[in-house]
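Right, I'll just put the structure down here and ask away after.
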Amino acid sequence: MLASLGQRAFRWLDERLDLQPIQRFAEEKAVPAHRYSWCYFFGGATLFFFMIQVATGILLLLYYKPTAEAAFESVRFIMTEVSFGWLIRSLHSWSANLMVLAALLHMATVFFMRAYRKPRELTWYSGAILLLLAMGFGFSGYLLPWNELAFFATRVGTDMAGKVPVVGRFLLEFLRGGEDVTGATLTRFFGFHVAVLPMMATALVLFHVLAIQRQGMSVPTSQKETSAQNPGMPFFPNYFLRELMGWAIALAILAALSSLFPWELGVEADPFAPAPAGIKPEWYFLFMFQTLKYLPATIAGVEGELVGLFAFGLAGAAWFFVPLLDQRFSRGEPSPWLTIMGVLALIFMATMTLLGYVMP
Amino acid sequence: MIRFGRAVLGVAFLIIGSAAFAQDNCLDCHRELEDEAALAMSEDIHAQSGVSCADCHGGDAEIETGGDYEVAMDPAKGFIGVPAPGDVPQLCGRCHSDATFMHRFDPNLSVDQEAQYWTSVHGQRLREGATDVAQCASCHGAHGVISARDPRSPVYPTKIPETCGACHADPEHMKPYGIPTDQLADYRAGVHGRALFDQGDLGAPTCNSCHGNHGATPPGVASVSLVCGNCHSVQRELFSGSPHREVFESMGEPECESCHGNHLIEAPTDDFVGVGEDAICMNCHGEGEPAYEVAATVHEEMSNLKEAMAEAREIVGQAARAGMEVSEADLALIDANQTLVESRNLVHAFATVPVQEKVAEGLQIATTARDMGLSALAELDYRRRGLFVSVFFILLLVVGLYLKIKQIEEPEK
Amino acid sequence: MSAERRMGRRFFVDLVLGGGVIGSLVSFVYPVLKFVMPPAVAEAMDQSVVAAKVGELAPNSGKIFKFGRRPGLLITTPSGELRAYDGICTHLNCTVQYRTDFGHIWCACHNGHYDTSGKNISGPPPRPLERFTVSIRGDDIVVSRNS
């Protein structure tokens, strides 16, 4: 019954919008079948979590007040007075972390499968920017509850931004809306978080997803033969159902985390109180934070932290422009060199993140 | 014509103005001589009210001396020079004890200072011939006297300890009198001194609050609690109804001072009462006495209350940090704190029952707060279980999808 | 597999799938619907509260009310004016009260007195009580903190 209703609705729209090309595309769309097909899942998972963020974020917007005087209290209000406010808030906080995790896994699988190679460089660039936007979402959103941890983590994080040579001062004041982290910072971060970043992210996500539809899924070189022999799995309904299943599992994980480890409210930020011990940024920034802590005060006459930031900048640039680098080093052949670099980078980041939690 | 008229008016004002305050040639001359005392008179309240040098020192302030000071500073005209210390109170009292005269200047001024002064220890010593005890000028100054309500005055509340201390903290000065000189240092270190100097609380007592200013005497032993009780009325009332009052009076013990000190009054802690190391009760009472039991019980009761409050505070704090609604519990903790403050008052009844009753009240409130905190934490738990219901449905969905996939892809037989 | 069993199987799968879909949807939609409907008290009660109803307080009387996490004191002066103060004594944090017999504010703990302007006039309190703004909104007496 539902199916026939759906068919009638489709026919009604088709008579007006000519959906035939889309229908053909959907019927023909196939996902390559090979050993690493499961990696294709992570992109969709990231999108799924992003959609949860948009939905829960809009819901929170109904009650949140973005001023230093009212922010903490409004979050407390959401958590204590609004029906299921605690749930929406916990979902939003957890889904943020899961989104970044999924994005990182997606990026890692794309990297190791060399999916960024021609003709998919633009997809890689848009994805890299999206990952940075996701971290921007995380950083700006983290401040919004205006609790002690958030306040000081933001102060430390923007301090780091201020250390960038030449533009550091400008960057710091741009981010903070002044010299210090104040209510002005909160207002600014709120604007970034609910308007600027969503706008940029939506545009890039649309491009990213459309580019993939245009070009089809990439197949790693090692699997090209296997994949060529197989017509691939039809997207509708086979892969789609599997994707839904994956999303349902992701949702179950999100729900379990939100209920087993509900996000706490914390203590209201007091700019005049001394920073509590053990301030750390969120886990996806932690590896950088921890590395900078280990650097000596000066390296070859230059401030240690500056050297560290420069090194991260170089590494970041290399990562961003990997389609260019790979082209130069491999000429279409497998490039174990980049794989090794990638693995080392992952081990480094994982170790530093772990140390960041374990060390005092 | 108009300009001439204005000039006449100007001169007239000058003459009238200078005549409103009678000519004070003493001041003019002594100012020229850069006499310190004379220079100080610009800020002096007496000078501003029209009192001339001669009004205190005698002599003739108005006469034109033509350079010969003896014309003005003439004993025949009443000149007395620098008054002897012993004569100062009477000299000041000539005006300051005359109500009709003083009320011309300020209807609020009291006129009993000289009479009070003669009752004081300072006054008595002065009569006996001492020349280094305080008299009017010692505290108020002689030239450059300013109102006691002016913060610059040596008798403004924040300045009084220093003023009294000028003599009373000087061992050399106080040697002939055999009075200790540690009061000022003690006062500064104690709660009253810290309230006055560090917190700017003008309500805090200074030397004159307890000793009086003109009639300065140390309070008698039986009246210490009455003096302290001017502010600490609750404790005084309780003390007066307690067994300590009669006992202390018969022993000649100075009531409040016996436990709290007089100048170095430390912030009292809960360990003052009890049977422990810092317990003041143990200064007099020993083990085996009924008082020992009272002290021990009172201390224990208050410790119980503090423990219960700390526990409640911890739990409520946990719930608050987790983001649960606990404002009612916060209010209850404020009420519990009040019972603790009140039970500290009740220590001064020196009996177990009042403290026990108050502590019981506080324990009930603390328990209520704690229970509110616990139920908030339980609510957190409940939410977890509630969420498992939705997780169940999601997993059902997963299973359903899986089965659907299998079904669609099952090869047709 | 026989056609019948296949039909039965299909039905079972559809049942599980349908049940899962509906159950999941309900367990999302229900909380979201409840979330978007505002709670009974529309805003956090820490900046502004309804302390009493008009006419509730006779002249020369007072009332303790809940203001966020602290008590507040609403008084009507002997001349009939409404005033509101923070209810915590500035001495040792006991809760103050209005004494009709004194005609002003008093703290039971150490006999501290405050006049009807909140100024500490006698006893140990070192500072006046913080004053709040009182407004009338229809039938309600609203007390707000000064920002």
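Labels for the chains are A, B and C, by order of writing; each one numbers its residues from 1.
As a working rule, a contact is a pair of C-beta atoms (placed from the backbone, for glycine too) under 8 Å apart; a residue touches a chain by one contact, two chains touch by 3 or more.
Only a predicted model underlies this, so the values are computations on that prediction, with no experimental measurement involved.
The interface with the greater number of C-beta contacts, when B-C is set against A-C, is B-C.
Among the remaining chains, the Cα-based centre furthest from that of chain A is the centre of B.
Among the chains in view, C has its Cα centre nearest the centre of the complete protein Cα set. The distance from the centre of chain A to the centre of chain B, each centre being the mean of the chain's C-alpha atoms, comes to 61 Å. Distance between chain centres (mean CA atoms), chain B to chain C: 37 Å. Taking the mean of the C-alpha atoms as each chain's centre, chain A and chain C sit 39 Å apart. Among all residues of chain C, those that touch two or more other chains are 20, 24.
Among the residues of chain A, those in touch with two or more other chains are 76, 81, 87, 248, 251. Shown for chain B are the residues in touch with two or more other chains, namely 390, 394-395, 397-398, 401, 404. Taken together, the chain C residues at the contact with chain A in this complex read 20, 24, 31-32, 34-39, 41, 43-44, 46-47, 147.
The touching residues of chain B, counted against chain C in their complex, run 195, 199, 201, 203, 231-234, 327-328, 330-331, 334-335, 337-338, 341-342, 345, 389-390, 392-401, 403-404, 407, 413.
Within the complex formed with chain C, the chain A residues making contact are 59, 62, 69-70, 73-74, 76-77, 81-85, 87-88, 248, 251. Taken together, the chain A residues at the contact with chain B in this complex read 75-76, 79-81, 86-87, 89, 237-238, 241-242, 244-245, 248-249, 251-252, 255-256, 258-260, 262-267. Residue ranges on chain C touching chain B, taken from their complex, read 1, 9-10, 12-14, 16-21, 23-24, 26-28, 66, 68-71, 88, 92-95, 108-111, 120, 123-126.
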